[in-house]
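Below is a structure I'd like to ask you about.
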Amino acid sequence: MTRVVEKQTLFRWLLVALLSLLAVGLGYAVLSLPTQTPGLSDFVTENIETSGARNPVTAVLLNFRGYDTLLEMGVLLLALLGVWSLSSAPEQSEASPGPVLDMLSRLLVPLLILVAGYLLWVGARAPGGAFQAGAVLGAAGVLLLLVGWRPGARFSGLPLRITLVMGLGAFVAVGLVLILVGRRLLEYPPPFAAALILLIEAAATLSIGITLAALFLGGRPEERPQR
Amino acid sequence: MNTTLSLFLLLSVPGVPLLLALPALHSRLSWPCHLAILPAVILLLTPAVFSIEVPWLLFGTGLGVGGASRLLLAMSVVLWAAVATLLRLPTSRSADNRLATFFLLTMAGNLGTIIATGLVGFFAFSTLMGYGFYGLLVTTGNAGARRAGRAYLGLLILADLALFEVLLITAATTGDLGFEAVHHAMAQSSSLGLYLSMVVFAFAAKAGVWPLHFWLPLAFRSARPTVALLLGGVPVAMALFGMVRWLPLGEITSPKLGLIIQSIGVAAMLYAILTGLIRAQLKLLPAYAAIITTGLFVTALGAGLADPAAWAEYKSLAHFYIVSLGFGLAVLAATIGWLQARREYPATPAMQTDDSIPWFERWPGTVVRWGAKIGLDILPGLRSSWLAKVGCLRQICARQRTLDNIERSLQRWTFASTLLLLLAMVSVFLAAC
Amino acid sequence: MSHVFLYALVGVGLFTLGLYTLIVCAHLLRKILAINVMGSGVFLLLVALGGRTPGAIPDPVPHAMVITGIVVAVSATALALALMLRVRAETGRPRLPEERLK
Amino acid sequence: MVNTPWGVMAILLPLVGALVCFLWPRRSVLLGLVTAIGVVTCVAGLGWQVVVLGAQRYAVGGWGAPLGIDLYADGLSLLMLMVTAGVGLGISVYSTGYFERKPSALFWPLWLFLWAALNALFLSADIFNLYVTLELLGLAAVALVALAGGADALTSAMRYLLVSLLGSLFYLLGVALLYHSFGSVDIAILAQRMEPSPPVWAAVGLMSAGLLLKTALFPLHFWLPPAHASAPAPVSALLSALVVKASFYILLRLWLEVFPLGSAALGQLLGLLGAAAVLWGGIQALRQTRLKLLIAYSTVAQLGYFFLAFPLGTATAWKGTLYLLLSHALAKAAMFMAAGNIMRFGGHDRIADLDRVAHRLPLTVTAFALAGISIIGLPPSGGFIGKWLLLDASLRAGQWWWVVILILGGLLAAAYVFKVIGYAFTQAGVLHETRTVPIIMEWVALALALGAILLGLFAPWPLALMEIGLPFGRESAG
Amino acid sequence: MNWDAGLPLLILSSSLLPGLVIFFLPEERVATRTTLNLGGALLKLVLVGVMVWGVFHGHHYETRLPLLPGLDLVLRADAEAVLFVTLSSVLWLVTTIYAIGYLEGSPHRSRFFGFFSLCVTATIGVALAGNLITFLLFYELLTLATYPLIVHRGTEVARQAGRTYLTYTIAGGALLLVGTVWIYSLAGSLEFTHRGFVAELVDTHRAALIVIFVLLIAGLGVKAALVPLHGWLPQAMVAPAPVSALLHAVAVVKAGAFGIVRVVDDVFGVEVAANLGVTGPLAAVAAVTIIYGSLRALFQDDLKRRLAFSTISQVSYIILGIAIVGPAATIGGLVHLVHQGVMKITLFFCAGNLAETLGIHKISEMNGVGRRMPWTMAAFTIGALGMIGVPPLAGFISKWYLGLGALAAGQGWVVFVLAGSSLLNAGYFLPILYAAWFKAPPDAWPAERTWGRRETFWLLLAPPVVTALLTLAAGLLASAPFSPLQWARFITAQEYMP
């Protein structure tokens, strides 16, 4: 037994040494980067007018590199699919959440929804946007779930699924429509860019929020048996 | 005579017996053996001297009859006809008709050998004759005949091998393998000595010349009388005939070899006389007679080799000698057989009980024992190698465990991710190089 | 040394720390957390180095990348946690079978 | 037709399919099959485009690199897409049979997501976008492994997920360093601006290590056999056939275009690891008693071959590698499917007891044998062509030791393949508790295996495709 | 594609397509299967006949399909190819007939005949291969197609034998592959040509060429059962008799020997090989194999095992003939390719008949069997005597030319090897003949089956009789036009053309 422990201590020291070496190496690499570089900010500034969003981050996220975001919506949905494929949702716990949480949730949930709406709206100009809004919305959902609220069986079927795929669906739909009208994938016509981005963001916010909440639930909600 | 007809006739001399050798054929005919001799008889009766070339047979074979071979052919025909009559072959399908097959095969070989005008043809037909005669000997006889047959077969194979070498040497020297051409070519060839000694050895083995005679007494003693009738006329006579045909007699002078051959001949005669006297057995008489006569022939041959001029003188006698030898031995064997059939003489009383295996019979057993001995010698080695194998197995087990352990430790997270780390660093280092 | 590089170095530090924990700790929850810490380190580095622009506005592209990265990390963490729970439910232990020593 | 962005469609279509299947799980088999056929059509369209017009670049959003993201299709990506389409179609059809009894509503969306991720990965020309596709791929794969349920599958999936995330993070850190060095994440632009510096070295090391981990190169293969062996058969097939190839593809792309400075020493290291993988995987495969584990270790060994081209670096060697990759994809998919059929039929995959099963499933065994021929590298098969090219390249480069590895690997492969096939001919008592195997499952396995064989007979076409866009440089194969 | 370019492919397909169809036939469709089998075999024979005629009249048959850039799949009917193709297709027909009789009523026949056809297809491919890669391709295909036949019986022993077979042949194939790639990387070509294609490399890459030669010969030597690579052959005896016949006479062993012929003659070229100094050792190996195989055969009691060792010995005659540089020896080697096939197939058919009819597997059980089965044993006798080299049978012709060639090349020792081998051949064949014809039969045979008045099923009887007659004819009519000997002369004349 002691030998095993000794071996482990040795191993750990070795590991620490290696990791320090890695850290030092990486640090050296980082420090040898040029101290000033424009990156892509100039390109972004040049093209931001036609992008449909004044906030550069939003412009990059939804326009310049919108394709990344599209795939990333896919990742989120995929995670949910993965979680759902593992198990169905755990049984509702009988324990009462307690008065404080109960009270808090009643106060906070509407507020959070409001904040989410604001973040979504402001994202076009200032920091904010679909993901932030979606996260806040998700937090509201989590809070609701914490206090023991569960979606009704009627909602947990197709309607829930539609909400979940709405974000990605909107993104893909816009992309496809643009292709159909002869443009490239996600090549928004400048006059409609802002509107399209808002549309996608709105759908994405809703989807992200619900997805996060559903992830928190940790399983597939029971569906009402259909016939 | 027109060519087609002669071709047909000459081919049918060995061909008809060969065809009839098929059991399906000869079992349906009433006198198959006599029928098979017919072409030869016709050939004998045709007065012309003629020969043909059959280019598509083997490497091109020549067939023909001349003065000497006609004589031999006549002897053979008479002998075969006599034996065919005496043998009383069973003709019905159900009976064992292998005897007829062998009979016909041997006959085909014999007749073919006589009419062959080239080395290859002679060789091929004499081999056929040899194997056929072996069958004839063995199929009818008792255990002793079988032993004799085996000894004969062994010598036959050795002789054929030697003849094969001779053929190869000849073919390498000259393109034409007709007897005349070969004689001329070999007389000038550098490998003449090898040629001569091989030929002499081969035919001596086939003829049972002393000291390769040992199967002859056995054969005469145990073969069926009818087969014994053939012993002199078929293997012995044909082998002597082969010597005459193959050796470039009269064209070369080889005193040394001649002397050796002569002395062998003399020794053979002495031996036969002495042994014949000691083993005064009626049935063995033809055997010793054969040894003596072949000895005499060989002596003459040796003299001919030593002095071509001498050979030229009694060259024509040689064929007569062979023929008379064949007939003489046949008559002798027939007489003895007849005497024995009348039970005036006991069938080889003393010697026959002595069934100890002669030395020349023991070699397969010796080889087997030898092999076993070697096996025993190897066996400790085998055992040790087997032990080593077991050890190996153990080692393999150990190796298997090692493999398992390595794989298991590779599958541990800590290990694996450390390796990853190392790999990343080494890559950085190497990329920097 | 500007604060940009300081943050970046902190990012490197987080990355190595996370890696250490990932390797050493057997408990799956810790491993998942360690992955998250590593991710944070990478994101920190990505974002911090984006501040090397000549102007006042930092490079927005790394920001967008990080947001994307965070979403991916969240998704992966969610899946990992759910998996961990299932592993614990099936095997009774929240760890991988090959890690028995700790 | 010419202007239709077939490549983009090949990415979007499976995504849409996944969403639709998710929305209407009851129709998912039909929807999935329709999607699969659609994707194959798209890939065919792209292939036609690439063959006629040459390598294609597509700027998503119309911005173009470096601001936007480019998609790029040359011979290399086209072949990857094609083999994905082929195997993908096969897996789709196979799954209709496989999930017949135990329907899994989420299989189809997960699988289509994975397909989309693969297509996106093979088309991407942007290293950050590649990261996203890698994650999409990884999560989908993990979820699919976990579909099997049970302790083995779940722990394997967990391990797989952690490994996948770790690899991705290494990769992402490298991406970060590269971006901050050169201000772009586009492969073409990086290739132009590339010059050696410490951050680049670090990036090379980190990205390579991360990708190697995901490719399961020896000695980082520890996660692969359990994951591939415990997944449901179609999932095993697609993991071994396609998913591990994706990270290798990225490595190949980076090595060919971004890291041309990639030093000879690093190449030799990769070659050595590849050689070790070939031997180790082969030996381990030979020692397995379970069919699926044997096949999984065989994947470990086969992955090793792909790295033998790195020290050689000639066009012939790369083509050989790619050829091996293609034929391995088909053959390995066929093998896992065959194993799935056997498991379905007899309820187990113990090799020693296969004789009770094997001779009653002739089509399956044929499929396994044909796939095995390609895996061994016997002619005529795709594996043979690949090995031939690699052997030729090694001998021309004077590095004969890779020849030894290639041959030894082939012999090991022969040993483990025939270890299985031998049982197909022994007569054993009839096993009573068997379940019928849908005939379609047998035929799909056979079709894919035949594909691997046919690759060996029609080599000039794929080899000509590889020339499009000159992914392997200008040097022509001898 | 015109006729001249399509004929080789057509010949190949005439067994491939029936084979593929047969795989999918249900077990009970005996008539269809037999029709397909025989139809394919007959068609092939006719096509081959046309080809022989054509080649003799100067036609040039060549199919060329692209395989790799710079490398084609070439099927070409040159004289050597025609020799082997003719042998294979004639013997295939005979073996098919025999197999139909032999396997009547046994299970898995569709599988058997499917692989059987594939096996012959591969052999034809080996024969017609116009370059080394095509050869390699079919050579490996042959390995694969034969394996199921060897393990056909499905017993544990069969599986072991199959494993041994694969171990040897796949390793051999690997060596062959390495040699092929190597020579390709040096010479840049793999086309078989009469003078070889490596002549200009002799000065620059001497050592490499020697190594390549060793690799190629070792790879091919496995199938040709050169000592010490022969271990699989005696074990493969567990296979059914038609398969043994196929292995020993038509396909596998022959493919190896033929490959060696190709390598020496058409890859390296005789002069180059002699110049490299590799033919001498090759001849020595062949000689050792000849003697060793015969010695081992001497001590086998199992009939098929004895025949197997005999094959090991006999096939090396071919190699010996090639390794002795010179026209006559080459003729001997090539003609033995055919003669050995015809003789050995006879012997295996007979062995199969004995096993099927009387349950005899051992030589010690063969006493007096000639009386029970005279036709079979007559055929056996002709085959055995031919093997010994008794004139005027086929074996005599081969030995004749080998010996002549050896003398012409000044390698007299070969003659002694031949003599020793003949002696040993006699030593292990004659006791069998003696026992069969002259010993008394036992009261009961181990497992007797009867077929009315005939000694055995006529489908089993006809093939050995036919091949025995062929043995006789090949020797007797050696100088007739279109005989194997004449064809070998024709080939050699091309090879040694000034």
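Things worth noting here:
For reference, chains read A, B, C, D and E in written order, and residue numbers begin at 1 within each chain.
The definition used in the following text is that a residue touches a chain if its C-beta (ideal position, glycine included) is under 8 Å from a C-beta of that chain, and two chains touch if they have at least 3 such contacts.
Since the structure is predicted, the reported quantities are computational estimates derived from the model, not experimental observations.
Each step here moves to a touching chain, and the least such steps from chain C to chain E number 2.
Between the contact lists of chain D and chain E, the overlap consists of B.
Common neighbours of chain B and chain D under the contact rule above are A, C, E. When every chain is represented by the mean of its C-alpha atoms, the one lying closest to the mean of all protein C-alpha atoms is E.
Of all chains, B has its CA centroid at the greatest distance from the CA centroid of chain A.
Centre-to-centre separation between chain A and chain E, using Cα means, comes to 71 Å. Separating the CA-averaged centres of chain A and chain D is a span of 29 Å. For the pair chain B and chain C, the distance between C-alpha centroids works out to 93 Å. A straight line joining the Cα centres of chain A and chain B is 99 Å long. Along chain B, residues 411-414, 417-418, 421, 424-425, 428 each make contact with two or more other chains. In chain D, 128, 132, 135, 139, 142-143, 146, 154, 159, 162, 166, 173, 179-180, 198, 201-202 are the positions where the chain touches two or more neighbouring chains simultaneously. Shown for chain A are the residues that touch two or more other chains, namely 15, 19, 22, 25-26, 30, 33-34, 37-40, 44, 64-65, 68, 72, 75, 78-79, 82, 86.
Chain pairs that touch, as defined above: A-B, A-C, A-D, B-C, B-D, B-E, C-D, D-E. Residue ranges of chain E in contact with chain B, taken from their complex: 298-299, 370-371, 374, 385, 388-392, 396-397, 399-400, 403-404, 406-408, 415, 418-419, 422-423, 426-427, 430, 434, 437-438, 475-480. Across the complex, chain D meets chain B through its residues 159, 162, 166, 170, 196, 198, 200-202, 204-206, 208-210, 212-213, 219-223, 226, 259, 261-263, 265-266, 269, 283-284, 287. Those residues of chain C that touch chain A in the complex are listed here as 1-2, 4-5, 8-9, 12-13, 15-16, 19-20, 23-24, 45, 49-50, 52-55, 57-65, 67-68, 70-72, 74-76, 78-79, 81-83, 85-86, 101.
Of all residues in chain A, only 4, 8, 12, 15-16, 19-20, 22-23, 26-27, 30-31, 33-41, 44-45, 56-57, 59-61, 64-65, 68-69, 72, 75-76, 78-80, 82-83, 86-87, 129, 131, 208, 212, 215, 218-219 touch chain C in the complex they form. Interface residues of chain D, counted against chain C in their complex, comprise 128, 131-132, 135, 138-139, 142-143, 146, 150-151, 154-155, 157-159, 161-162, 165-166, 169, 172-173, 176, 179-180.
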